[in-house]
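First chain A sits with chain B, and in the next complex the same chain sits with chain C.
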Partner chain A sequence: MTATSVRPAGAGSEIASRPGGRRPRVAGRPRPAFAAIPFLIPALVLVGALLLVPFVSTVYQSLTRDNGFTSTFIGFENYSRLLQDPTFLQSLLNTVMWTVGTLILPVGLGLLIAVFTNSMRGGRWLRLAFVLPYAMSGAATAVIWGFILRSDGALNQAIAFLGFTPPASGWLLEWPTNTLVMILANTWQATGVTVILFLVGLQSIPPETVEAGSLDGATGMRLFWHIVLPQLRPVTIVVIGMSIANSLRVFDLIWLLTKGGPGGVSETLAVTMYRQTFIISDYGYGAAVAVVLAIIVVASSYAYLRRQLKGV
Partner chain B sequence: MVGRVFRNTFVIVFAALWLIPIYLMVVNAFVPAADYTGAPTWLPSGFGFFDNLSIAWNESGLGLGLANSLLYATVSAGLAVFSAALAGFAVVVMPTRRPTVWFWLIYLGTLLPLQIFLAPLFKAYVGAKVYDTSLGMILIYSAICVPFAFFIVRNFLTTLPPEITEAAQLDGAGWARLFFRIHFPLIKSSLFAAFIFQFTWVWNDLLFGITLTTSPDRRPVMAALAEISAGFSSLGPPVVLAAAIVASLPTVVLFLACQRFFVSSLRAVG
Partner chain C sequence: MIGRKSVLKRVGATALALGLAASLGACSQGSASTSSAGGSTLTLNGDRADFVDAYKVAGDALAELGDYSIDPRNVPSTENYQQVIRSSLQTDSTTDLVKWWNGYRLQDLARSGGLADLSAEWDTAVDEGWVNPDTKDSFSYDGKVYGMPMYKSYWVIFYNKKVFNDVGITPPTTWDEFLSNNEAIKAAGVTPLFGTQEAGWTSFIWFEEILSKLDPDFYSKLMAGEAKYTDEPAQEALRIWGDLYAKGYFTAPDIAWDNEPALFQEGTVAQVPMGSWRNGIFVTNGMTEDDYGAYLLPVIKEGTQPSVITESGVIAVAAKSAKKDEALKTMGNWLNPEVQSAWVNQIKDTSANPEVVTDDPTLTSISEQVAAEKPVELVRFWEASPPPLIEGGVQFLASYMVDPSEDNIMPTLEKLQDLADSEWAKWKAAE
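Let's look at the complex of A and B:
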């Protein structure tokens, strides 16, 4: 849709407004404006038709009351309903817990593992333990952790073996325990990518700076704190941004482990949207949740985007 | 030295913690489903892996899911990377007007959470009769993979010296020729990196799978696994775990074999 509607306007103004062109051009070549269109079409059609149109449509739908059959425009009523809905507020609280948990666990642990294994003999192999789960899907992670966390699961068995009394209801039935253990399960899966990224960052630090630091007598913690860490700043921004965005999108793990329950207590916005839309068929309300989630995702990745898109 | 001892202990303890879930998964997937006592095994016992797998295979169409995902992931990642290469070429190499606008139009797709696309896609798919079809899945997976692939390709293209383009143009090469003969071969490795990355993404997706398909002969492998995982009590944990291993194996092997390419994709992000 985007490509076809833009084609004539873009092409016309192109010829009129750019006498010289920015690059040397060989005479007799088709006008660049026309020439670029066929190259852009496949990507623009795919993205436009399947992502941008649905995006706009969801934003509009959030302003309607829609049960899947009939739809009426109601303005911001869905949004004011959100603010009074205890399930939504619970979901928002869980989303904040996920975000904070992700900032501390995968990011912090990833930094430590990257720094420790970087200079360690056999670190390459030990690192594999953290990196492997990263290649696994959220669904497979949920299966493994479901097996561990069930009331007759491996964790309770281990606790009983060590002589303690395991919680009888397992780990997934009570809030905030269920949210916390799912954040841990996600940490198991998400730390790999932060390790990889921090490692890339570490390896791009010029060794001279570290040598100079140690010549000045800095060792261990001080060397790390004053010389290494400041140089990891750019990669840290990326890792934090990416981890937050990923944690806000977590769906598979929660959906398969608790279905957001019991009674919605372990939902995050990503799950609330799905349940409101596809289980309850309250399309307008589900769309409003999706819009709120999108705003949070884009806003929280702002710092990271600014860096990532430098020079665009 | 205290620091080194602490460091090594820390890494080894955490690596062990990280490996326990995988170890438990493998060991228990090998317990014959009929012999499963109701409590997880911590030591290898029995060799029922393939029997467990065949239960998952027959009861929940795991095999069909694997075949579908192979099709979706290969075709979609291929289509996405190729469209992204063309678009990247247009934005970086060709003297396009307002490259930034084009960039954002295409890139916007990765910023937004998937949830914002779901409901309209579902309605449109039902209306256009592509709900629960291979075509529908290939289309959405291709679209969702374009933005990131585009980002990787674009980054790589900007590192090429513009003299390459100018020299070829003086020799009389048109844009298409320029793309296929000069730039495409030069960016092959970044295209491959993007392909591997997106293949893994599509393979691991659950959300589109459960939203846009329903029948076992159309749904991707993670949707099949999701159904199998609901059978923890009826099928027995060994069957579910065996299914999870087989569903994960392709991307784990791909990741180990192509770690270099994953890192280069991730590096493009940073």
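Let's look at the complex of A and C:
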């Protein structure tokens, strides 16, 4: 940690040369590296108490048989059970579907909406329609979509009103339909934040570069593809990174719409973790799912960000 | 490069702010489960918002008898509630009294050591004639009583009298009449039966009702782990259930459970199977005896022993309660007729004290039918087997409700049996 407090010489001189910048260091008194430690303690204590301790205790719990009252150490039995559990494998598959769906829909739509409403007249008002759902909680979103998607809900009533026959199987009852419609419901809510982030990115693009491109004869898609999009790369990295993390931890919408059912077919890892822990009271098994989920989230975020941030 | 970095910084800051806002928004107020109340009041934790006023009324009645009154708290979600109790019972920040379930759910809690022994208070209630001593097992673990019955709900079919009058039918006394009623109701454009898996637990209701009316003895053995889900009676029960689905008698399996009282009241659904505890909501919604009634589902084959599913919540005393002795003493009077009549008239359900009668006409009619038919009383599915088996089992039954076909009968029952094998083994290993 102390290594991060050592400032490269170049950056230091840049700040020192600014009026009102850092005072010049007193000669002959080299600052020891550990001088930063006291300043790091509050952050270390917070991260340690709120993140590391619970994580270590969850890892330990995943190696036990724990019903909430008594706990016995059983080694890796919970993990071997996971591999043989069809619900867990289904839940893994659904999690992958959510990740892919969330990458394509909210990110793609967010980019489109941001680009079109950025240069469009009255775009800021149109944009509100897409951004406002983000202000709603996941639970409220689920309640609204519940009204729409249930067999006696608004969607089927609308289909019947228009003279068509609603699907007999219902929207939330069969896999993969239920997972797909829930990804769509999530898109409705999650697109808002990607729109905001892409707009920040778009507004940070120096107008000279776009002007230069236009003068050279680039228009439309060509201008977008070769001039605008490359300059959006930093923001895209953040948006995709957030989307991956969000899709892996999606819970509230699924829990309120299907409870992961029927029969566990629409569960994701976060739902499986909750159900095993708090419904079945198999705390050890639930903790094992939590550890697997944590590994996937950290590994995918690390791999993605490490690769992407190299070039920035 | 510097330009890109500053863009990244701006984006990062915005993302952080938005993420923080989202996570703060997602935070909800924690539940207050802790601490004893001051003075001569006992705290009670429960998961039924509609019971909160009734706890106070019962507490006032207890206070008049010289005991402690009740200061109730409520955790609205049953799932969160179970979690709160499991963690708080192990600490001295538990409430003095805890609402819980009878049967295996009570045993699960009792064997953890979190509950105080109420055997002496139970024996007093039996001596006074305040409770049926035959029901003791349902409130015991290892020979000791750990909970006093809160109520005694009978599982019945509530029916909308207006729909029945319009169609020109009466409550069925045989299974054939039940079927012909459904046909007539359906022909009149009303959905005959309510059934949903939306709330999770609700998927066991029709399985339990049909199986217990088909073969009550098998139902008891199955619940006790002495028979197999793959046995013939269970197959037959799913076949009958699937047949009712095929005839189009049921609501869609994803219909919201919370909408059930409204659908029943407006006559969109003619009949709902539910414990008599549901009666309180119908009354609160303004339904009267002219609007609805209740009947016991007839046996499927003539000559079968009539049966009725029963359910009793319990009030237990936390072993680590700061006022354990006072709480035990107070629970000694819980089944006192004066307390019970105040309590059941508020919750609109049947008392576990056979001496106490309610003034509710529907409940009176249920009690009369039970007295006349003398059905064997069976423990509800929810409390009749180890909790992990039930919680896992309702998932498979929910899947069957979505695909109630002949081809899905054996796969459903085989999954249930596999789960039963593993969960019974775990339960017995922990004994």
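Here, the second predicted complex is superposed on the first by the 250 of 312 C-alpha atoms of A that agree within 3 Å, B and C clash if a C-alpha of one lies under 4 Å from a C-alpha of the other, contacts with A are read in each partner's own complex, and residues count from 1 in each chain.
Just so it is clear, a residue touches a chain if its C-beta (ideal position, glycine included) is under 8 Å from a C-beta of that chain, and two chains touch if they have at least 3 such contacts.
Computed from a predicted model, the values in this text were never measured in an experiment.
Look at A:200: by the touch rule set out above, it reaches both chain B and chain C. In the superposed model, A:148 makes contact with chain B only, not with chain C.
After overlaying the two complexes on the shared chain, residue contacts for A:220 are found with chain B alone; chain C is out of touch.
By the touch criterion defined above, A:262 lies against chain C but remains apart from chain B after alignment on the C-alpha atoms of chain A.
After overlaying the two complexes on the shared chain, residue contacts for A:210 are found with neither chain B nor chain C. Within the superposed three-chain model, A:170 lies in touch with chain C and out of touch with chain B [touch as defined at top]. In the superposed model, A:61 makes contact with chain B only, not with chain C. By the touch criterion defined above, A:242 lies against chain B and chain C together after alignment on the C-alpha atoms of chain A.
Once chain A of one complex is fitted onto chain A of the other, the partner contacts of A:180 are absent, as it touches neither chain B nor chain C. Here chain B and chain C are compared by how many residues of chain A each touches, and B touches more. Across the two superposed structures, the residue set of chain A contacted by chain B and also by chain C is 68, 134, 137-138, 146, 150, 152, 193, 196-197, 200-201, 234-235, 238-239, 242, 252, 278, 312. If you check the complex, the residues on chain A that touch chain B are 2, 10, 13-14, 17-18, 21-26, 29-30, 32-33, 35-36, 38-40, 42-44, 46-55, 57-58, 61, 68, 109, 112-113, 116-117, 120, 123, 126, 129-140, 142-148, 150, 152-154, 157, 188, 191, 193, 196-197, 200-201, 220-221, 234-235, 238-239, 242, 248-249, 251-252, 255-256, 269-270, 273-274, 277-278, 283, 286-287, 289-291, 293-294, 297-298, 301, 305, 308-309, 312. Residues of chain A that touch chain C in their complex: 67-70, 134, 137-138, 146, 150-152, 169-170, 172-174, 193, 196-197, 200-201, 204, 206, 231, 233-235, 237-239, 242, 252, 258-259, 261-265, 278-282, 312.
Within the complex formed with chain A, the residues of chain B that make contact are 3, 7-8, 10-12, 14-16, 18-19, 21-22, 24-25, 28, 38-40, 42, 79-80, 82-84, 86-87, 89-91, 94-97, 100, 102-109, 111-124, 139-140, 142-144, 146-147, 150, 162, 165-166, 169-170, 172, 174-175, 179, 200, 203-207, 211, 222, 225-226, 229, 232, 237, 240-241, 243-244, 247-248, 251-252, 254-256, 259, 262-263, 266-267, 269-270. Touching chain A in their complex are the following residues of chain C: 3-8, 10-12, 14-15, 18-19, 22, 25-26, 79-80, 82-83, 86-87, 90, 108, 112-114, 197-198, 200, 203, 251-256, 387-388, 391-392, 395-396, 398-399, 401-402, 430.
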